[in-house]
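What follows is one structure encoded as structure tokens, with my remarks underneath.
As written, the chain order gives the labels A, B and C, with residue 1 at the start of each chain.
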Amino acid sequence: MIGPLRETLRRAWRDRSGRFGAIALVLLAAAAIVAPLWLPDPSQMGDLLAGATPPSAEHLFGTDRLNRDLLSRVAHGARVSLGIAGLAVTLSLTIGTGVGLIAGYAGGITDAILMRLVDAALAIPRLFILLLLLVVWDRVPIWAFVTVIGVTGWFGTSRLVRGEVLRLKHEAYVQAATALGAAGRRTIFRHLLPNVLGVILVSATLAIGEVILLEAGLSYLGVGIQPPTPSWGAMVLEARDALSTAPWTLLFPGLAILLTVLSVNLVGDALRAAFDPRSA
Amino acid sequence: MIGWLVRRVGQAAATFAVVAVLLFVLMRLAPGDPLQRLTEERTMAPAEVERLRAVFGLDQPIGTQLGRFAAAAVRGDFGTSIEYRPVQVADLVANRLGPSLLLGAAVLLVNLTLGVWLGVLQARRRGSGIDRWLTRLSLAGYAMPSFWLALVLVSLFAIKWRWFPAAQMTDPLLPDSAGALHRALDILHHLVLPTVTLSVVTIAATMRYQRTAMLEVLRLDFVRSARARGLTERRVIWGHAWRNALFPILTLIGLWLPIVVSGSVFVESVFNWPGLGSLAYGAIATRDYPVLMATAMLVSAAVLLGGLLTDAGQRALDPRTRSG
Amino acid sequence: MNTTNAAAATTPAPLLAVDQLRVGFPRPRGGGSYHPVDGISFTIDRGETLALVGESGSGKSLTSLALLRLVPPPGQVAAGSVIKLDGVDVMSLEGEALRAIRGGRIGLVFQDPTTSLNPVLTAGYQVKEALTAHAKFSGGEAKERTIALLDEVGIPDPTGRYGAYPHELSGGLRQRVMIAIALAGEPDLLIADEPTTALDVTVQAQILELLDRLRAARGMAVLLITHDLGVVAGRADRVMVMYAGQLVETGPTAELFSAPAHPYTQALLGSIPKLTGPLERLAPIPGAVPQPHAWPTGCRFHPRCPVRIDACAGEVPPWRSTAPNHEARCWVVEGRAP
């Protein structure tokens, strides 16, 4: 299981764009973790009369309208975004893989019911499901936010995993294992799971990008991360009133989102190409 | 074909029923009584509250609730909008449908022309600098938050350079005497920025699908055979190869329908475009639950319809599946 | 090597003259390239049928593609190759002029009609398209001519079949459609690359007869490419035998069949099942066809040759003539330099 996986990862590394994405991600994550140690407190307001100031030596990204250091806010926002994305995607993948394995392996009525539910859920744009769920809170607590995002993102993964399971069910070695009397659960874990891993990995990287955009969007709409927790989406929202007076307050948070999602997508792309070279 | 169509429509209808149930469950999942929470900040006549309650059947056992909801929904009755009472939700939605369709159609047009052409170009020049850069650029577009891009475009093209209007679909100062052409041009003028925003964010998918499909087809024997007949390269690429690479684009059209209908909540809100997207956006701010529900159901119906049209289109266009 | 040296003064110039044609592909690892077609020279006269015989892997299909400049990238026709059609160098043509040759002067019938026909276009459309690519016809006239062409290639009920999709036709009919497409531009030379390999035995003979008829009726030259010597007998005027990217023997058909000079040709003939005469064991040629990136040194057939001598491994054998116009490239053959 590790051997072929490492080979695929090596292949993915050869892709220039994928490499760029991976390195960028590592740097971003490092910045997110390390930055708070060096940068000023993101909620520390400076001279309120000065308001938003353009980038300078003291404030590399400038300050927002409450004279808070923008670089620090963006760096802290990275923690929030990456953290939420990581947790939510883990939740989605776990549920999705579980459902996919069950549906694919069990087949029959179980499969039919589950897939019908998945089809219906996929028909509703995720944003709407989230809005319907989140709109009820005045201020969404972070745990609820992460859970809601996680619980609404497993449908696609379950379909993919189920597909792989169905494909593998017919492979000789799985049939052989079953014929030899291997118990159901054991079959799943030792034979199916490793092969499904590839699909899950690609799914995961693309899902992270999607969640980051969703979280930013929901925060922009006011139903996501609540202040004072810094969030890129909320920063864009604040920048809306200062488009001509303080364009840097719009630029940097947006670029942060763009760069992060792009890096994640590039890595996901390289992985996908490595698993299935024909699509390159 | 007819038999297949009937079955397929039945499938879509069944899934839609499940969608309705799911949405209903979603609503009931929210902690507390949704109506109570949502109406406590406003003054609503008790009769109004009872009316809404009746539509959602909140005072009834769950089974009956579901039944009433389904019955009302089928009639198109989602009740009264909490924010805009006494306007019916159905009327609100109907009014906003047009602008969303217009925006969606414009984005679809850009994708089907520019997106397709770029995808084919990438396939023809696979591995070249153009191919790699187009991929990178389109991926960057895909990674952009649409609301952010919209704001960037507004600050540049509407505020700084004043080339395009920053908001709405029409110029509120347009005199009543303005002719049809003038009005149409005015709308087009307002259409540009929102369309560009949505197109940038979505063109990556189109390009990728088209590139992949085209690469598959270009490998096939009949492409070489077409060249051997002395046909122009243009004919070989578009008349022979692309005719076979059409199918994924049909898939995209099917995926497009929900975007056409909902018009992107974010983009419409930034531009104040009077479509379903901004309606939903407004409903979020005002916690107008019935409107959100109705919009969600409409968009879901659009998704299912889109999938149906795609499947039907594929069957119709590929002669092998038709007679096979 | 030339075939018409002595008679050059009196016979008309050949329709197609190929000299030292080489097709190169870059090596996947490491630099340089290898040549699956490695120095082919031959001529085709107007109206004659020339057969190019070789096993798969000999490079014969690539040769036909090279003539139309259709070698798939990253392969390409190597510099120094000369392809002259009626005196015009095909290698120097571009754009419009090249397109005019494809289908207009040289027609190519591909091996597998199933994959060579566009599945989403009707048979009639594809033939009509080929017609109008080379000459201007009005809509109605084009359709009429198309139907006439379909009829000429022996498709029953051509009007009805006009709107048929390729998957609705049998293998034999599809091949006839391919032939019709190749003929649409009124070419002087028709290249048929394994025209019967993908077909049933019963249909094979029909297609070959059709090609014969068409050739006679239109005065075309035909380059018949095949691995099956049985197809050649009685249908070709001359035969060229190709092995490992090179020609090893050429000569008039009857002559070559009755007195094959090159050991490879002899082996090929020896492995044809005979219907008459005493039962003999089929004698397959031992060994396998060498790969293009690892040609043997000297005579490329020497590892599998039953009559090889020491010189064969070391040096490339010269052409030797055993009879007028009959030459073989072998150290062991007795003959004089042509």
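Just so it is clear, a contact is a pair of C-beta atoms (placed from the backbone, for glycine too) under 8 Å apart; a residue touches a chain by one contact, two chains touch by 3 or more.
These numbers come from a predicted model, not from an experiment.
Q: If each protein chain is taken as a node and each touching pair as an edge, is the resulting graph a line, ring, star, complete or other?
A: If you draw each chain as a dot and join those that touch, you get an open line.
Q: When the mean CA coordinate of each chain is compared with the mean CA coordinate of the whole protein, which chain is closest?
A: Minimum centroid-to-centroid distance belongs to B.
Q: Averaging over Cα atoms per chain, report the distance between chain A and chain C in Å.
A: 58
Q: Go ahead and note the Å separation of the Cα centroids belonging to chain A and chain B.
A: Once rounded, the distance between the two centres reads 23 Å.
Q: Spell out, as numbers or ranges, the residues of chain C touching 2 or more other chains.
A: Where chain C is concerned, no single residue meets two or more other chains.
Q: Would you tell me which residues of chain C are touching chain B in their complex?
A: Within the complex, chain C touches chain B at residues 65, 68, 70, 72, 99-104, 108, 110, 112, 115-121, 129-130, 133-134, 165, 167-168, 178, 181-182, 184-185.
Q: Hey, which residues of chain A end up touching chain B in the complex?
A: Listed in rising order, the residues are 17, 116-117, 119-125, 127-129, 131-133, 135-136, 209, 213, 216-217, 220-223, 233, 236, 239-240, 243-244, 247, 250-251, 253-254, 257-259, 261-262, 265-266, 269, 279.
Q: Residues of chain B touching chain A in their complex?
A: Chain B reaches chain A through residues 14-16, 18-19, 21-23, 26-27, 29-32, 34, 37, 132, 135-136, 139-140, 142-149, 151-152, 154-155, 159-160, 212, 258, 262, 265-266, 269, 280-281, 284-285, 287, 289, 292-293, 295-296, 299-300, 303-304, 307.
Q: Hey, which residues of chain B end up touching chain C in the complex?
A: 220-222, 224-232, 235, 239-240, 243-244, 317-320, 323-324
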